Amino acid sequence: MKKKIPVGILGATGSVGQMFVNLLEDHPFFEINDLCASERSHSKKYSEAVNWIIPKPLSEKIGNMVVKPCEPNINSRIVFSGLDSKVAGEIESNFAKNGYIVISNSKNHRMFENVPLLIPDVNPDHLDLIKHQKYGKGLIITNPNCSTIGLCMALKPIIDEFGLDSVNVVTMQAISGAGYPGVASLDIIDNVIPFIKDEEEKMELEPLKILGKINNNKIDFAEFKISAQCNRVAVINGHTECVSIRLLEKQQKKK
Amino acid sequence: MKKKIPVGILGATGSVGQMFVNLLEDHPFFEINDLCASERSHSKKYSEAVNWIIPKPLSEKIGNMVVKPCEPNINSRIVFSGLDSKVAGEIESNFAKNGYIVISNSKNHRMFENVPLLIPDVNPDHLDLIKHQKYGKGLIITNPNCSTIGLCMALKPIIDEFGLDSVNVVTMQAISGAGYPGVASLDIIDNVIPFIKDEEEKMELEPLKILGKINNNKIDFAEFKISAQCNRVAVINGHTECVSIRLLEKQQKKK
Amino acid sequence: MKKKIPVGILGATGSVGQMFVNLLEDHPFFEINDLCASERSHSKKYSEAVNWIIPKPLSEKIGNMVVKPCEPNINSRIVFSGLDSKVAGEIESNFAKNGYIVISNSKNHRMFENVPLLIPDVNPDHLDLIKHQKYGKGLIITNPNCSTIGLCMALKPIIDEFGLDSVNVVTMQAISGAGYPGVASLDIIDNVIPFIKDEEEKMELEPLKILGKINNNKIDFAEFKISAQCNRVAVINGHTECVSIRLLEKQQKKK
Amino acid sequence: MKKKIPVGILGATGSVGQMFVNLLEDHPFFEINDLCASERSHSKKYSEAVNWIIPKPLSEKIGNMVVKPCEPNINSRIVFSGLDSKVAGEIESNFAKNGYIVISNSKNHRMFENVPLLIPDVNPDHLDLIKHQKYGKGLIITNPNCSTIGLCMALKPIIDEFGLDSVNVVTMQAISGAGYPGVASLDIIDNVIPFIKDEEEKMELEPLKILGKINNNKIDFAEFKISAQCNRVAVINGHTECVSIRLLEKQQKKK
């Protein structure tokens, strides 16, 4: 196999950033070349800047890398962003404008008109949107909210075959989804928390873009209705979702 | 206040029976007079027969009562039944036939034509059914499945005002609902169990009887559709339910 | 009963302060008259300043009280302090110097020479120390670390009767002891945390003062050895402690 | 590498037996050749006889093996026993008498005079005992109780270098140690169970054999004192142990 592609991670010390490190470290195509984080971590060794919460130990090689600023002067042309949404919007745009390929887990650009909200198994054709982005050589691709992904993978073959009138989804989401320190143990032990900030809004909107169809260089959003109720449960990893659907009546489908 | 009414508890050593003991011990109207259980417990002191799992300690007075057989020769005319469904059918019928008033938490008689499936806040008029029971002076009244009760209390004012087309309900149920020893800790710690035997069937049927209307001495079952998905979560007491409803369209309602 | 004694609570919005509110609200002798907290809460209604985490709901009466600064100009002469140890030292001294009776749960003054470290069931005679405090009409009394209290109550009759050579104690402490938000759920679900900052140090020192004897207006510390190992477990309330002791040999005891 | 050694597993459907399957399936030296269990499982496919609770899925190859009786007529000469202690004594003796090498996790033979209670890192020399067993070509080797193993590995270098006067150990043990269904969830969620049947007795006795010395074909038990307090905590896998030791005084050590 030829040389691996060097990549950078934005927000590398956060919980999403750590997961990128974990998933990319032994990747067959990619090689972690740049770890970028906020000022607090600059010039520190990654092992000193990070509060490593992934069960698999941090490798010495990655731990010894020096953390850089989130500025578009790194050698990797591809960056994976796990930035907090408070800063992701500006930093990711800045990277894209300077010619970088930004793959983002943050919510900021998800609903932008020309930005694919991508689940490779569901809507790979949405990648066409990037031709119409205005970032020159740079571009931004986003992935959906965690609980949206599972839902869309289940809905995709159904909407294609039968059409969807409406979807009710109730989630029981793991605490790891809230980052670290995230959910206080006093709140979740012997309890269910029937609220996750902004989560229901994302689940009721994102699938309509993901399951929409490209039409004239834009996405026509899917038109079914979604009602989402999101709960946090005392589970470390892995979301459970209970979905009820109502199919389109035949007549409507034919249209 | 005048003399309290003596009552008996059938299946008094089980987890439901213990809850009856707990709720009835200091009751303003009732007085526990008879504790009845299976052969294993006969003639033992209640404190020796029971594996008491209620946080509030067993009182000395109740603990010293001698456990009797589940036979219709006790002095209390009212009995509360927490019997296991394997034996509840026969024993409860036997008590009713012998003139006892049986209030049962077991599922066996719930769907019998003349047996009220009662939530006092929702369908007190269903008590009229007892006039048509064939037990002579005896009678049987049942209460619904635990997760059905909360659902029906929420649906009652809605169906009265708007009419219901369909209901989706997802439950996150406490481990106490499975009795003792019930759910194995290896199954539920750091987990959600997406299945509770027979529970979805009960939740999809019982509300139709409870929210039905008495017509000509029978209940016309309510006609909306229910889809229930029941989960067990690592919570000790208290069920959480997420409900989505679709109202009847106006036209249908007018009918 | 005559008029209740008005009292104030310092650090009233914190988790210890809330517990003081909870315990004092219906107290037979005391009446909550002043709720004092940091600048962030000044002039707010208590219900708006506090993130109430006690299961029993906050009463309207207490919720409507206006939070005051932690300054010694309140009418209550007795104050209970649940202040964070970062500020408790200075504020409590200031109250004492200005004539207030300070009862503190904070660690700052516990080891001061003339300050009783009091468990009423164990060392009520240590109250004599307050005569020698230099605060004029004011005074400071402290209570021990939570896990120290249970240990000392068990050790007191043993040391009196047999003498103690050494004590090994291992604790399994509830998450409520860490305040709110306190322990991250990702750290404690499916885990034991074998470290609680400063806890072992307190458990190895405080009992020696508490079980010491007043001699010439000072406390001669008890002389046995303590080895403490403190763990956090996934329990909401209530610490468990496993204690092993070695008694003094008879010869030593006689001395 | 040459042909793998065929082995059998006694009690293959239980939780210990499943762990043997899990650990031996891809073993470099051994090959699972015989799965033996109680009458209830005879002649069934293993996948049908077992309630598989190990996270790693049961392989098709093992799942298709037919379960045999626990009788000494199998081809594997080495058997690993995860039998319940109610039956392990007789069955294991029977295998040994018939020429099999029995490696047992059950407690039954642990304290027999000529049976090694083996931790390979601690007392490999105890294997010499097998020369004096009376089973002909067969033999029995046992491994200690789970919480004993960790304790002995920590104590071994200390007793060798300094000598031990006494040991206090407090355990916080995982629920997996109780098998399946094992600990009821109602007992352990939001709780610590300060009792594990027979566990303290094992921890106070087994280390004295393991850390003893072979003398004249027998083991002279180690002579220090052990006090064990065993707790169950809401952890799935992995025991935590807090150990305090008192070394031998120099004078005694010299002896």
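Per-chain residue numbering starts at 1, and chain names A, B, C and D are given in the order in which the chains are listed.
Heads up, the rule we're going with is that contacts are C-beta pairs under 8 Å (C-beta built on N, C-alpha and C of every residue); 3 or more make two chains touch, one makes a residue touch a chain.
Source: prediction; values computed, not measured.
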Contacts shared by chain B with chain C include exactly A, D
More Cb-Cb contact pairs, comparing A-D against B-D, go to B-D
Whole-angstrom distance, CA centroid of chain C to CA centroid of chain D, is 45
Cα centre of chain B to Cα centre of chain D, whole Å, reads 46
Among all residues of chain C, those touching at least two other chains are 189-190, 234, 236
As the complex stands, chain D meets chain A at residues 189-190
Seen from chain D, its contact residues with chain B in the complex are 53, 175-176, 180-190, 234, 236
Interface with chain B, chain A side, in the complex: residues 166, 168, 170, 172, 190-192, 194, 227, 229, 231, 233-236, 240, 242, 244, 246
